[in-house]
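The structures considered in this document are given below.
Two complexes, one shared chain (chain A), two partners (chain B, chain C).
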Partner chain A sequence: MTPKLKKSLLYWLLLSPLCVVILLPFGIMFVTALRPRDELFVYPPTWTFSEFRWENFAEMWVKTNFGGALLNSLYVSLTSTIIAIALSIPAAYALSRYRFSGKGLYRNFLLMTQMMSPIVLVLGLFRLMVHLNLVNSLNSLVVTYVAFNMAFTIWMLQSYFNTIPRELEEASWIDGATGFTSLVKIFLPLAIPAMVVTAIFTFINSWNEFVLALTLIRSQNDYTLPVQIFSQVAGRYQVEWHHVMAATVLATVPVAIVFSWLQRYLIRGMALGAVK
Partner chain B sequence: MKSRTRIPTTPLLMILPSFLLAMSIIGYPILDLAWTSMQEVSRFGKMMGFVGLVNFSEVFRDPLFYSSLVRTVIWTVAVVGGTLIISLPIAIMLNDDFYGRGLARVIVMLPWAISLTMTAVLWRWSLNGRAGLINATLMDFHIISEPIEWLATAPLAFTVEILVGILVSIPFTTTIFLGGLSSLPQDSYEAAVVDGAKPWELFRYITLPLMKPFINIAIVLNVIYVFNSLPIIWVMTEGGPANGTDILVTYLYKLAFRFGQLGKASAISLIMFSVLFVFTIAYVLMVMRQEHDSADEEVKHDA
Partner chain C sequence: MASVTISGVEKWFGTLQILHGIDIDIEDQEFVVLVGPSGCGKSTLLRMIAGLESISDGEISIGTRMINDVPARDRDIAMVFQNYALYPHMSVFDNIGFSLKLRKRSKQEISEKINEAAEILDLTPYLERSPRQLSGGQRQRVAMGRALVRDAQVFLFDEPLSNLDAKLRVVMRTEIKALHQRLKTTSVYVTHDQIEAMTMADRIVVMNKGRVEQIGTPMDLYDFPANLFVADFIGSPSMNFIEGIVAADNEGPFVTAKDGTRLAISRESSAALGQKVVYGARPEHLVLASGNEGFDATIEVIEPTGPNIQIFADVAGQRICALSTERRTHKPGQRIRLHCPETSVHLFDASSGARI
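Entry: the complex of A and B
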């Protein structure tokens, strides 16, 4: 046995308890989503079941108003991502390319806003939205998600902007381009990968947010996915667990795949910016 | 970095929109909470007049506040401590080259990709006392002979919630540690190996001291996140049974949005905000010091 093989076996042995605990609930999610309703509560509980009921998904879609919640989540996450990126680009560019008084202060301000969690402010935010007449409007979520994500987006974008050589812009100024045209024509195209990666993480953050969506949205028709699924579980005498699990499969699997695929960019962005 | 002499207002105009939004969505509610906490507030949010610190003294006379506070400390210390102890060896393994490392990374990072709400819903069902498949699995392996009602009694439910809290904090913490490990100088290890150091000694005398700044940042960030975390406890037990798993955030949420005690809830928010503020300042100072250090290093490299 080569040393590397030996090491690999040892590492997998050490990692296996954690991997099992991480993967177990997902296994339970799939076998519950696919089993017939009357096999949910059998005694003793068992992993096996008689048939794959793919119809569960179709039933769930109708019964839990999954489509409506999906559209709400898409609207909120897409809109807040676009606005957050649009507001963050100039700020990140300023932090990356200019030297100005108050720059250090602004960076610390961003760090501090990133630490403020929605839950501590939730009552104040709720009262603010009442004043603005935005309670029950998905736009209240858009505004708050933009604000709470902006520290992250500015930080990520800035750390990537720093890696784009400034000589390219300087060359275009010499050729007579104004600051603005060189920004749009030279700089932003180079920054597209960074913006896409940052946008996807902002999207996932908004997609997964729970506390504000639970608080600011009061009518069932405007629920986003996490709140919609939570409302199928909480305060109910009878929970249709096969539907809940089918909904969870649809709400989590696509996001998990995209996240797993992109996680190394997050690690890189954090190494470049926030943590280092 | 060379400074360019342009109109100095340009960068300020560029940061202005984000600054204004942050001030109105994050800054204003803090002021509003401070104001509300000193008012008598009706169930429906109507201000009934200034009462000074009455809400605060009510909070400090409330036994449920103290039990939630104690549980918050247990929750934060246990989750952060457990996360750090598990994450460091995992990061060291994932930083090393072995067969299947890519797959291991994806699995370890998986809880990060799923919202806390969904994770908590999954665990609530998996731990179901009558039909949960955790019980089924443990019974199949003859570890238990009868199903356990995991979430029916407060101490057991709270323990389980702490374990789930650790599980979902591992990916982020491991990521910080991976960032730190990849920046460690390889030559000190080589020198130590030449001197005949054992793996444990390498860890104790090289890895651990050099990782200290990253461990500190992981501690502070995790304390902030875990202290504020509502979804796991809210979805799994809603602070119950009988307030037995309430931490400050769940208690605050109940006061504000179930019992309509807005004055008291604002007072608790403000108390939590102060705690958070201290940790945030600690974090900002740490980041500044680290940037300072790496700036020094750059100067050394240039020389």
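Entry: the complex of A and C
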């Protein structure tokens, strides 16, 4: 055994408790999702089961109105991501390029908003949405997600924008570009990795958000996925665990796949931001 | 092509004054180098000509047009940046042609111009590459190409060679000078490297702490530095300075250093007896003397450079440098006599630093 191999084995051994903690819930999720209903509660619990019940997914889709919730979730997450990025770009650009009074204060303010949990604000937000007549509308979620994510997106984009040499824009101005042309043709194309990374984070934050969605959305038709899945468990006489788990698989796995595919941008974006 | 007139230009950043009333007249087709230590304001001045920094006070004109409030894109200038500022997501072709595309020139005209510039700069084989795939020297050439296709009135260079290695710097220096001799576009070139300034400039502007110290041709500055700063800054290795007091006896006037060393000066010198002065002698003017001529020195370090030998020696408690082309075998610790012909001596007032 080479020393390198020994080292890797040792590291994996040290990491394994952590792996168990992370992977066990996923294991149970998959196994339960694929089990026939009458094998759900066997004692002692087993990892094996008699057949792969792929039908669980189809049944669940219909019974839990999964499609509707999926569309709601997609609408909320995509819209809030797009709006957050679109609004953050000018803000981050200004923070990165212009000198103005109160800049440090503003940056600290952005950071401070991140220290507050949305749960603390949930009651106030609810009152606000009542006042705006937005309760029970998906747009209330869009607005709050945009607001909650923007501090992070501005901060991320700004630190990346700082790494894009100012001279590139200056060169384009001298070449005859207006401020806007320079932004569109020179600056933003170079900022794509940062925008992708930030968008991924925003999307995932919105996709997973639970507390606000639970509070602001009252009617079942407008539930997003986390709330919809939760509603299959909470306050029920009988919980269809195989459906719940099938739903969680569908809610998490596609996103995880997209995320890992986009990971190359993530690493490149972060490395670029740090080292360049 | 056009002249550039800078008159009474000041730059303030908040309450901090960076430039204190700069006046420079740059003639049409002239190659002017702004040189000075870092922080002297030379880059700021260049960026003000370019339109990248606002002008706090004074006026800058290109030709007859006052450009204080003209945005950079309308000033009809081209600029080469220190880090080249090539657009990383565009090919060399698009980098060079970006300005032409913005001006909505026809496709044919654009590619003709780019090919012409590429030919001048030996870039033809690299037109399809991205900047990342080029070496430092090639990137530098692309940056030049971007300026070339513009047919701009004025070329501005902001330390364009400082990112290159020593050898390439010398090559590119010559290329830029040759290019200017061919195109004759009025050029303003910023550098902190006095050798670059000496070799390239028609006229040099020496700047220090936001002020112009002296303007003149390279040889003017070298032979007649207006003050201590210019004398020290221009020339490598730089001029030797020894402080002393002017005295005279029947052999003529001289400067007495602190330890009494006698440094002969010219009879025509206008220095007053008893005046505190700084005696300056360029290393190449210090020659090994025999007999009674000159003054005593103790060799401390010897550095052969190839064409000549740099002798660092102690004179009156100060380390000075002498250049010798003789390959005599001197040794550290050895006592020698050095002599500077009186006509080559520079004298400066000790308090004001001005040339006497």
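The rule we apply is simple: the second predicted complex is superposed on the first by the 257 of 276 C-alpha atoms of A that agree within 3 Å, B and C clash if a C-alpha of one lies under 4 Å from a C-alpha of the other, contacts with A are read in each partner's own complex, and residues count from 1 in each chain.
The rule we apply is simple: contacts are C-beta pairs under 8 Å (C-beta built on N, C-alpha and C of every residue); 3 or more make two chains touch, one makes a residue touch a chain.
Just so you know, these numbers come straight off a predicted model, no measurement behind them.
Engineer: Once the two structures are overlaid on chain A, check if chain B and chain C clash or fit side by side.
Structural biologist: fit
Engineer: At the CA centre of chain A, how far apart in angle are the CA centres of chain B and chain C, to the nearest 10 degrees?
Structural biologist: Result: 90 degrees at the vertex chain A.
Engineer: Identify the partner contact of A:Y93: answer first if only chain B is touched, second if only chain C is, both if each is, neither if none is.
Structural biologist: After superposition on chain A, A:Y93 lies in contact with chain B alone.
Engineer: After lining up the shared chain so the two structures overlap, which partner does A:L111 touch, if you call chain B first and chain C second: first, second, both or neither?
Structural biologist: Only chain B is touched by A:L111; chain C is not.
Engineer: Quick one: classify A:L190 as touching chain B (first), chain C (second), both or neither.
Structural biologist: second
Engineer: Which partner does A:L70 contact after superposing on A: first (chain B), second (chain C), both, neither?
Structural biologist: After superposition on chain A, A:L70 lies in contact with neither partner.
Engineer: In the overlay, work out which of chain B or chain C sits against more residues of chain A.
Structural biologist: Ranking chain B and chain C by residues of chain A touched puts B first.
Engineer: Have a look at where A:L78 lands relative to chain B and chain C in the superposition and call it first, second, both or neither.
Structural biologist: Neither partner.
Engineer: Go through the superposed model and pick first if A:L250 touches only chain B, second if only chain C, both, or neither.
Structural biologist: Neither: A:L250 stays clear of chain B and chain C.
Engineer: So, A:Y43: does it touch chain B (first), chain C (second), both, or neither?
Structural biologist: Once the two structures are laid over each other on A, A:Y43 reaches chain B alone.
Engineer: With the two structures placed on a shared chain A, what shortest C-alpha distance in Å links chain B and chain C?
Structural biologist: Nearest C-alpha pair, chain B versus chain C: 5 Å apart.
Engineer: Could you please specify the touching residues of chain A with respect to chain C in the complex?
Structural biologist: Residue positions touching the partner: 165, 167-168, 170-178, 181, 186, 189-190.
Engineer: Using the touch rule from the top, collect the residues of chain B that touch chain A in their complex.
Structural biologist: Per the touch definition, chain B meets chain A at residues 1, 3-4, 6, 8, 10-15, 17-19, 21-22, 24-26, 28-33, 36, 45, 86, 89-90, 93, 96-100, 104-119, 121-126, 128, 130-137, 139-140, 147, 167, 170, 175-176, 178-180, 182-183, 214, 217, 224-225, 228, 230-231, 235, 238, 249, 252-253, 256-257, 262, 265-266, 269, 272-273, 276, 279-280, 283-284, 287-288, 290, 294.
Engineer: Can you check the complex and tell me which residues of chain A touch chain B?
Structural biologist: 4-5, 7-8, 11-12, 14-15, 18-19, 21-29, 31-32, 40-47, 87-88, 90-91, 93-95, 97-103, 106, 108-113, 115-117, 119-128, 130, 143-144, 146-148, 150-151, 154, 179, 204, 207-211, 215, 226, 229-230, 233-234, 241, 244-245, 248, 251-252, 255-256, 259-260, 263, 266-267, 270-271, 274-276
Engineer: Residues of chain C touching chain A in their complex?
Structural biologist: Against chain A, the touching part of chain C is residues 50-52, 71-73, 75, 77-79, 81-83, 85, 87-89, 98-99, 102-103, 146, 150.
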